[in-house]
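First chain A sits with chain B, and in the next complex the same chain sits with chain C.
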Partner chain A sequence: MPVLCSRCEIKKAHLKRPKTGHSLCKECFFWVFEEEVHHSIVSAKLFNRGETVGIGASGGKDSTVLAHVMKVLNERYDYGLNLILLSVDEGITGYRDDSLETVKRNQEQYELPLKIVSYEELYGWTMDTIVKQVGLKNNCTFCGVFRRQALDRGAMMLEVDKICTGHNADDVAETVLMNFLRGDIARLRRCTAISTGSEGAIPRCKPLKYAYEKEIVLYAYFKKLDYFSTECIYSPNAYRGHARSFLKDLESIRPSSIIDVIHSGENLSVKEEVRMPIQGNCARCGYISSQKLCKACVLLEGLNRGLPKLGIGKHHKLQDKLLKSQPLTEEEEKKFKMISF
Partner chain B sequence: MKMAAPISIHLEFGGGAELLFDGVKTHHVTLPSQSEPWDVKQLLEWIKANLLKERPELFIQGTTVRPGILVLINDADWELMGELDYKLQDQDNIVFISTLHGG
Partner chain C sequence: MCDLDEGSNEDSMGRDSVKRISSKCMKCKESPALLIIRVGDAFCRNCFKEYFVHKFRAMLGKNRLVFPGEKVLLAVSGGPSSSSLLFQVQEGLSHKASKKLRFVPGIVHIEEGAACGKTLEERTKIVADLKSIFSTSGFPFVIVYLEEVFSLPSSVLQSIFSLPTEKDDLYKDAVAGFMQSCHTSVKKNLCHETVAQETTLTEDHTHASLLSTHAHANETSISAFRGKFPFSPEQTEAVEKLFASMKTLTAKEEMLQTLRKHLILYTARIKGYSKVMMGDSCTRLAVKLLANICLGRGAFLAMDTGFSDPRHGDITIIRPMREYSAKEIAFYNKLFGVPSVFTAGLNTKAPEKASIQHLTESFIVKLQADFPSTVSTIYRTSEKLNPRYSQTPADDKGTETCLLCSCVLGIELRDEASAFRAISISEELSQSKKPEGGQVSSSTMEECCAENKMETLESSGCSCQSRERRNTTPDFWSLLCYSCKLVVKDMTSLDLLPEYILEEANRRQRRTQIKREIQEYLLTSEDDADTAP
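Moving on to the complex of A and B:
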């Protein structure tokens, strides 16, 4: 006995929504999924008419669905946005090659302009050359820091007004959990925001913030969207992986867990007397930083000086020297040169 | 005793789940004749014994699929079809999609 769609009551249901428990046919599912994203966009006033919006496109499921839905909604509701796909090429042989091919096909499928910025252009180093210098054990520090900034730096280069990324409800819940586990109050406060101007110079937003991963995957599957799925070969992030499985286990017992965790994050209030790190900007690149030089710029200095451990170890006392491109003492150099990892 | 005839079904692995099956996305398999009709629970055991190439815990947890892997039976969410208790029919199409790989 096929279950009927609870919305149109005519067609056969194809999925059960984790968020509401409703059974829907494909067409009704596409419609409510898109309308909910539209609602997120409108109620948080994410965009203004005439803006150029860079869609962070990795070729993965989230950004592929985001690009598709943004294109649909921009037309359906006449947002008047100038959408472009914005991709970062980290220079990881094999990994990015394939996913960039996917993004290039998406460009044709969605008729959106595509801009690819490479680590080479942004930093003067590719991930492959970084790994050659720092080894596989420490590369994730670079990977994480560089990736966080790459979209902003790329967006600045291309003069877009806003960036939107494919972060979904599961991602946000996972980040809430991780920041909670690490006691990172400043990030915990920021990470649930649907839009932020704080991380870099360019405002960022997450139109899929309330979309469940299950629905994103099924949307892509039923629409036959072309996406690429693999783990970053340089990113065996075990800690995050555990946080994710934990959430998935919770979700399988109670589907609303994902949204519940997000709401917990949103509703945590931080006492006034809790001191927050003072946020300034990097003197070299302008990215948000609590030090004179941001983490990425310190890591770059380290790479360029042949002192790969520089950004990984303690470097607070060296900030002024680095900023003025002054040489380090022999003693200092020795500390950061060790390739014992 | 009456035996259920062998059935042929199509299996599809996607979203990164195929990586646990030598990267092969589609499999046409024949399930042998047995006294009871095959259900999804038995299918999972059969997959574990016959198809899974590595790290079975990334696909199966206990007697069900690992949370985060979506299952579609003939293009419908298995949650609408009885999940593990669904009785397989000849020529059924079962899809497993991982949601756990790169966004």
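Moving on to the complex of A and C:
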């Protein structure tokens, strides 16, 4: 006897939801998925009427589904938003150039304007050249920091009011675990917020925060959406990989673990005596920063001077010295150079 | 971001390590080093012992929670950490210790063989081994069997709070009083007794004595082992059935922990102990922290793993071994001959992904091998957390607590856009709407009938056995916190829960119902009315 959809109870069930285990038919699944995103948006009051919203599009499944769902919901519930696709080219051959083709196809399919910013034009470095200097271990830091700024710069160029990214429940759960393992208290408090940002910076939000990665894939599959599905070639060595494999194992034991981790993360509270970083502005580029110079400027400085480890690690005093253009001793310089094998 | 530091230090470590891990103890610099703890600290035998003992004393002294002459119950499972705890307390109280410890210990051991499926012979042997260790310590001990969970009264689930007092002043006064009475009295016994009268335990003494009169019927069961088992085979079967009804090992482990805690609390209350010491080591706590995050207990991390756990009001659970890594404890036990007994638990020899707790343990151990600072980082993070919602009625009036774990309820309902709401919406949307409609605030219990047509809990036709009992209405779910809900969801039938839990659930539900009926006429909450003079 075929299993019937648990919602309409008329059609045959096409899939089993990873999130709750219910069996649903295709149409009901689409509707439920979109309703859940709609609920996330409305209950957190993410958008206001008439705003211009930039969708961070990488060509991958999360951002493709996000673009699609935002478009559908914008029409269905009349949010009154102006949607734009925003894409970042990090300059990773074999990965990013292919995914950018996907984004261009998306633009045609969804009829949304597209803007691409690249590391090359913003910073003068591509990820490939960075990896050649830094090595394979700490390059995710560079890519992440630069990309955040690049998205903001692109958004400012287009005069966008809000940015939304395709971070899903798995991403947020991984981030909670990773920050906990690293003892990063400051980030632990912020990472579960569905909407982040403060004065001076363009606010960002994650409408897909409660959507499981597997459900996003199911949605894209059944809707026959076009996306690019390869892992970044530099990712195997990232620390996040540990948190990710742990989370995948957790999910196989108990599917609700992902939401449980997010729930735990949301309810963590820190003692008041703990010192938190204060927000200020970068002395060079004016971007928001908790230190005198923002991380991107520090990293760039290091790259340009041939001292790639300048931004990595905690050599505050030496960094200060460097940035005031004082010469370093031989030993100090060695600390910042890459370990060559 | 500490592991980045590790990377940058790797190079220098290689050169320095030859110098650092020298053959001399790093403290006294004279005797040859015997062992290395942490990354590069070498100690000789005597310095290590000093370091170990000092840490224990400092832990107790810094937190100032154990009053002189207070009765403290040591929960000893027989494993290395709790055996080490027992040994430290023994040494600390013995005559040759400088500055003796000042409390009165007792020992409790919870025998869990029934849950793990051990035979009576195996259990007898283990208990006999433990008995010999406990008798050499000279402290009064009690062996409680898991089966006795079925004879607990429902009052064990209630927390008894007193008015908040200035802890620091009390402590200093108590110490001063103790020192004085020790000087004036000659006999050691007299000293202990006088201080026991002076120490300011709260007015729940009357309540404790109520419990003990209630427990008279059970007094024979909670007594020292007399050569016969204080439980019946039916109770063993009931325990086995209870654990067999839990579908996942994760839920089994959580339930076992909860029952164990209730038994310890009960023993502490009827024997008049006001503190319980647990032997959780740093490594074990780091695993517990991460596992609790994965189980949805993020809000209560500080209480589950902090130094003191004040949830139960009159009994405080403290963890003095929390700064020792498992490695240090193992070294100490080996070097100084601390006896311990290995008891197989629920997840011994289980595959890695059998339960969340087991998976977390293997994850952290593996990560520790690559990044040696993992455990201490997690530990340090846990020190920066605080309990988000305070427990005492004076601060948070009219809060309800979870039936099983005694944590504050309702935190998930405070935010509109939270993970809990998201999952409730998901559950609601994925099912067809019935005329009664599903409540958003309590999750529905349909895992047991997931393969049949989905129905909400109020509708009839669910073939689940538990429907027949009156107390498995949605109200039952509202008595549990987020993670306890997940544990109970894994059970096939709620009837198998011990009587005291079901009784207490009924009582709380009736009370909520009464309160609802008279809600509009109440001016203050009940806690206000209680504490008014």
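Going forward, the second predicted complex is superposed on the first by the 289 of 341 C-alpha atoms of A that agree within 3 Å, B and C clash if a C-alpha of one lies under 4 Å from a C-alpha of the other, contacts with A are read in each partner's own complex, and residues count from 1 in each chain.
Just so we're on the same page, a residue touches a chain if its C-beta (ideal position, glycine included) is under 8 Å from a C-beta of that chain, and two chains touch if they have at least 3 such contacts.
Here the structure is a predicted model, which means the values were calculated and not measured.
Contact with neither chain B nor chain C is seen for A:292 once the two complexes are overlaid on the shared chain. By the touch criterion stated above, A:249 is placed in contact with chain B and with chain C alike. Once the two complexes are laid over each other on the shared chain, residue contacts for A:305 go to neither chain B nor chain C. When both complexes are overlaid on chain A, the residue A:8 reaches chain C alone and has no touch with chain B. Applying the stated contact rule after C-alpha superposition, one finds that A:218 touches chain B and leaves chain C untouched. Using the contact criterion defined above for the overlaid structures, shared-chain residue A:60 touches chain B, although it does not reach chain C. Counting the residues of chain A touched by each of chain B and chain C gives the higher count for C. Using the contact criterion defined above for the overlaid structures, shared-chain residue A:229 touches chain B, although it does not reach chain C.
In the superposition on chain A, A:115 makes contact with neither chain B nor chain C.
Comparing which residues of chain A touch chain B with which touch chain C, the overlap comprises 3, 249, 252. Chain A meets chain B in the complex at residues 2-3, 12-16, 23, 58, 60-63, 166-168, 170-171, 213-214, 216-218, 221, 228-232, 244-245, 248-249, 251-252. Residues of chain C touching chain A in their complex: 1-5, 7-8, 10-11, 248, 250, 289-290, 292-299, 301, 352-353, 355-356, 359-360, 363, 367, 374, 377-378, 380-381, 384-388, 411-412, 415-423, 425-427, 429-432, 447, 450-451, 453-454, 482-483, 486. Looking at the complex, you find that chain A touches chain C at residues 3-4, 6-9, 17, 19-22, 24, 32, 35-36, 39-40, 43-44, 137-138, 176-177, 180-185, 188, 194, 209-210, 239, 242, 246, 249-250, 252-254, 256-257, 259-271, 274, 309, 312-314, 335, 339. Contacts from chain B toward chain A in the complex involve residues 14-16, 19, 66-68, 70, 72, 75-77, 79-80, 95, 97-103.
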